[in-house]
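Letters A, B, C and D name the chains as they come in the text, with residue numbers starting at 1 for each one.
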Amino acid sequence: MIDKRVYDFDAALEGMKDGATIMSAGFGAAGAPQELLEAVLDRGYRDLVIISNNAGEGERGLIKLLKERRIAKVICSFPTSSNSEITKELYSAGLLELEIVPQGTMSERMRAGGAGIGGFYTRTSVNTPLAEGKEVRNIDGDDYVLEYPLKAEFAFIKAREADRWGNLTYNLSARGFGPTMAMAAETTIVQVDRFVELGEIDPEQVITPGIYVDRVMEVEAS
Amino acid sequence: MAKLNRKQIAWRVAQDIPEGAYVNLGIGAPEMVANYLPDDREVIIHSENGLLGMGPTPTPGEEDPDLINAGKKPVTLLDGGSISHHTDSFAMIRGGHIDICVLGAFQVAQNGDLANWATLDNSRPPGVGGAMDLAVGAKDVFVITDHCTRDGQPKLLNQCSYPLTGTAVVTRVYSDHALIDVRDNSFIVREIADGISSDQLSDMTGTALTFADDCTVLKTPEL
Amino acid sequence: MIDKRVYDFDAALEGMKDGATIMSAGFGAAGAPQELLEAVLDRGYRDLVIISNNAGEGERGLIKLLKERRIAKVICSFPTSSNSEITKELYSAGLLELEIVPQGTMSERMRAGGAGIGGFYTRTSVNTPLAEGKEVRNIDGDDYVLEYPLKAEFAFIKAREADRWGNLTYNLSARGFGPTMAMAAETTIVQVDRFVELGEIDPEQVITPGIYVDRVMEVEAS
Amino acid sequence: MAKLNRKQIAWRVAQDIPEGAYVNLGIGAPEMVANYLPDDREVIIHSENGLLGMGPTPTPGEEDPDLINAGKKPVTLLDGGSISHHTDSFAMIRGGHIDICVLGAFQVAQNGDLANWATLDNSRPPGVGGAMDLAVGAKDVFVITDHCTRDGQPKLLNQCSYPLTGTAVVTRVYSDHALIDVRDNSFIVREIADGISSDQLSDMTGTALTFADDCTVLKTPEL
């Protein structure tokens, strides 16, 4: 019987290691897998490379990892928030590497990683510092930048419901990067509000099909 | 000399959003445009984090931490609203399906170049968010900005000195002093705030202005 | 008030013309907008370029247009079906141009057209006749073919429900190419089983958001 | 000499599909594999037109014309099944998320080249469907085929003469005479049908065969 459900963080994080690259869903706090990130903190992993829209916000998850200096690099579109001083401090002190990617390009690069696209041309960032060193090509009169896929060893996702095949639904705008990151990581680990029986999710309302999901764990908001 | 306040600029932008438009409002001052859309005008507001048909701020106590806008503030969805994931949401932006986006700016050049994501101060972490995607993707890019910086430097220029967000993307500037179209490598003044002369406006601008033949007074209510 | 509902085929097909390029959703008969296609036939349009997975099947829609010699060219992955002799006859007689595109490439090219992607690299079709004349690029050790976006003047889609903003739901595997074609056409015209009030479709269950839809018409299956 | 019939080939393939695999079954003979999966084995079947978790043929009268498989035949969905649109469905295929696809073939070369979409007969309209996507996208490509054409020509060759579907993609061939791995530019015979000698099999093959040291008899039930 296929059963992707796990019941503790040790099982959820199997294979995690120092230096791992982790995609972390969430836009601000919505959809952020705070408890999974904090379980990584508790287990002492370090030198992490994080791919996430923001380099933390508030007091949870990524911010805790940043404060404990567990993160070597963040690939993101917008690192700081009004309430995340630690990111600025670490960056100013040269203790945190940041790679800034336009939000749509970041999302599209992850989709490319998940969908077998070897590279794609986008108008976003043409003639800006973020296109420096990248190939530019004129297609039908417009300049486009060549962007390559973005993949990761792990994706951490927060979803609303999961069944034992790993099918997922999300809550409103907490959907965010979840469906795309699930495609783009070797191992996709999902914390969900609740497990449901196989067949409870209408086939037309599955947002992330289980094919992209490796492990699901029920996590109570803490 | 009666320059506009932020609310008045937002009000003026709102008057130019046509019925049925799909509109993305940037974080900060552009968000205020939603407050001044005429009641009888149906406009569909997009938020980059996957909302289409965004509604007003929820009443206190009704906030859902999973229903936020691009500025990470609680919002609502209108009837007819829909949710999409990030990649699909940016496909709307990058694919040219957003009619108008309204953004802030550090600098705008007369050819429509926009600089609104990074200064030359390297001590601050840079952050671009969805600005570059919106700049190239939206059919019209409206900019809300003060005409000058706090220390009196012009923000409308011959050429931007800050790192660019996009080239030749801005189609109209709503400043606290004027409404200016960006067309054919020129700033064309369409409306000018009451009590401001052409010369005064030119003095505040870092490049030559063209005044439209039918240039009128930029009128807004008290707000 | 935004209202994309129309009530007759003349209004639905406004702007149609000889030589138009039309994306027609449907995989076999599932999701095929037969009544819209037949309304085009009834109005006498000709020299049409059709983008569709199949060049017709059975007796409806595209097959009727083919029989009346209204179609100049079909861009498709699989032109013939067990029950579509006319396609073979016209092709053999040199009366129908066919452009064969791998199904995933066709779908991805339409998505690129809708999502502002100027081109993308895919491994599909490398070293096959369908890659002839196309740029090949080695990325991380694998060869990829460069493919360009596919757009159209019109998309014809069949959906289950639509509201006045044009939000759509589909019925099971009739979803097919609908959501992608809706993105990629200048004018997207949808025949639906039924109209619903604004707000009746759960925001999380909208499959094609109205931003991609221009006109919706309630059409009874005929 | 006891060659396998189509059902027996399909049965043999089914035994090699592991629990939990995501599998795409091509149109025609490959579809029959689903009938022979062991009852206690949970396998998730993908259909290119947007089905994941495809179930058996519906009972007569229960067919839904909007729930069909890649062969356009009515099917069902299992509990846990899901629907996606075409582009998302092919992202599963092209992104390497399908563990195994089972396809038919006109020709297979010893380096894994596959020809299964077009012959050299130009009078027939060509059609490729999802074959090229599946060939490059699936982690394993299993081929079901007769060992020879109806007129006795070998289909397992040094090099394909028909237009290719993909290069170096086939990982295993299930013929009516043998089970053959494709590895290191060689056909490696793992199992051979009862009563067929190595020499007979070699005579029916258009290139050299390697016989595995542990090559056994290809056993199937009567079907």
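Heads up, the rule we're going with is that contacts are C-beta pairs under 8 Å (C-beta built on N, C-alpha and C of every residue); 3 or more make two chains touch, one makes a residue touch a chain.
Worth saying up front: this structure is predicted, and the values here are computed from it rather than measured.
A.B. asks: With one step meaning two chains touch, work out the least steps from chain A to chain D.
C.D. replies: Step count on the best path from chain A to chain D: 1.
A.B. asks: Tally the contacting C-beta pairs at the C-D interface and at the B-C interface, and name the larger one.
C.D. replies: C-D
A.B. asks: If you average the Cα atoms of chain A and of chain C to get two centres, how far apart are those centres in Å?
C.D. replies: That pair's centroid distance is 33 Å.
A.B. asks: Using Cα averages as centroids, what's the distance between chain C and chain D in whole Å?
C.D. replies: 29
A.B. asks: Measuring from the mean C-alpha position of chain B to the mean C-alpha position of chain C, what distance in angstrom results?
C.D. replies: 35
A.B. asks: Taking each chain's centre as its mean C-alpha position, how far apart are chain B and chain D in Å?
C.D. replies: A distance of 56 Å separates the two centres.
A.B. asks: At least two other chains touched by the same residue of chain B: list those residues.
C.D. replies: Residue numbers touching two or more other chains: 77, 83-84, 90, 93-94, 136-137.
A.B. asks: Quick one: which residues in chain A touch 2 or more of the other chains?
C.D. replies: 108, 111, 115-117, 122-123, 172, 175, 203-204, 207
A.B. asks: Which two-chain combinations touch?
C.D. replies: A-B, A-C, A-D, B-C, C-D
A.B. asks: Which bits of chain B are touching chain C when the two form their complex?
C.D. replies: Contact set of chain B toward chain C: 19-20, 22, 42, 44, 46, 52-53, 77, 79-84, 90-98, 136-137.
A.B. asks: How about chain D: which of its residues touch chain C in the complex?
C.D. replies: Against chain C, the touching part of chain D is residues 47-51, 64-68, 72, 77, 83-87, 90, 93-94, 118, 123-133, 136-137, 163-167.
A.B. asks: Over in the complex, which chain A residues touch chain B? Could you list them?
C.D. replies: 27-31, 53, 55, 57, 76-81, 87-88, 91-92, 98, 100-105, 107-108, 110-111, 122-130, 171-180, 207
A.B. asks: Quick one: in the complex, what on chain C touches chain A?
C.D. replies: For this pair, the touching residues of chain C are 108, 112, 115-123, 137, 139-140, 142, 144, 148, 169-170, 172, 175, 203-205, 207.
A.B. asks: Which residues of chain C touch chain B in the complex?
C.D. replies: My answer: residues 1-2, 111, 113-117, 163-165, 167, 183, 197-199, 201, 203-204, 206, 209-212.
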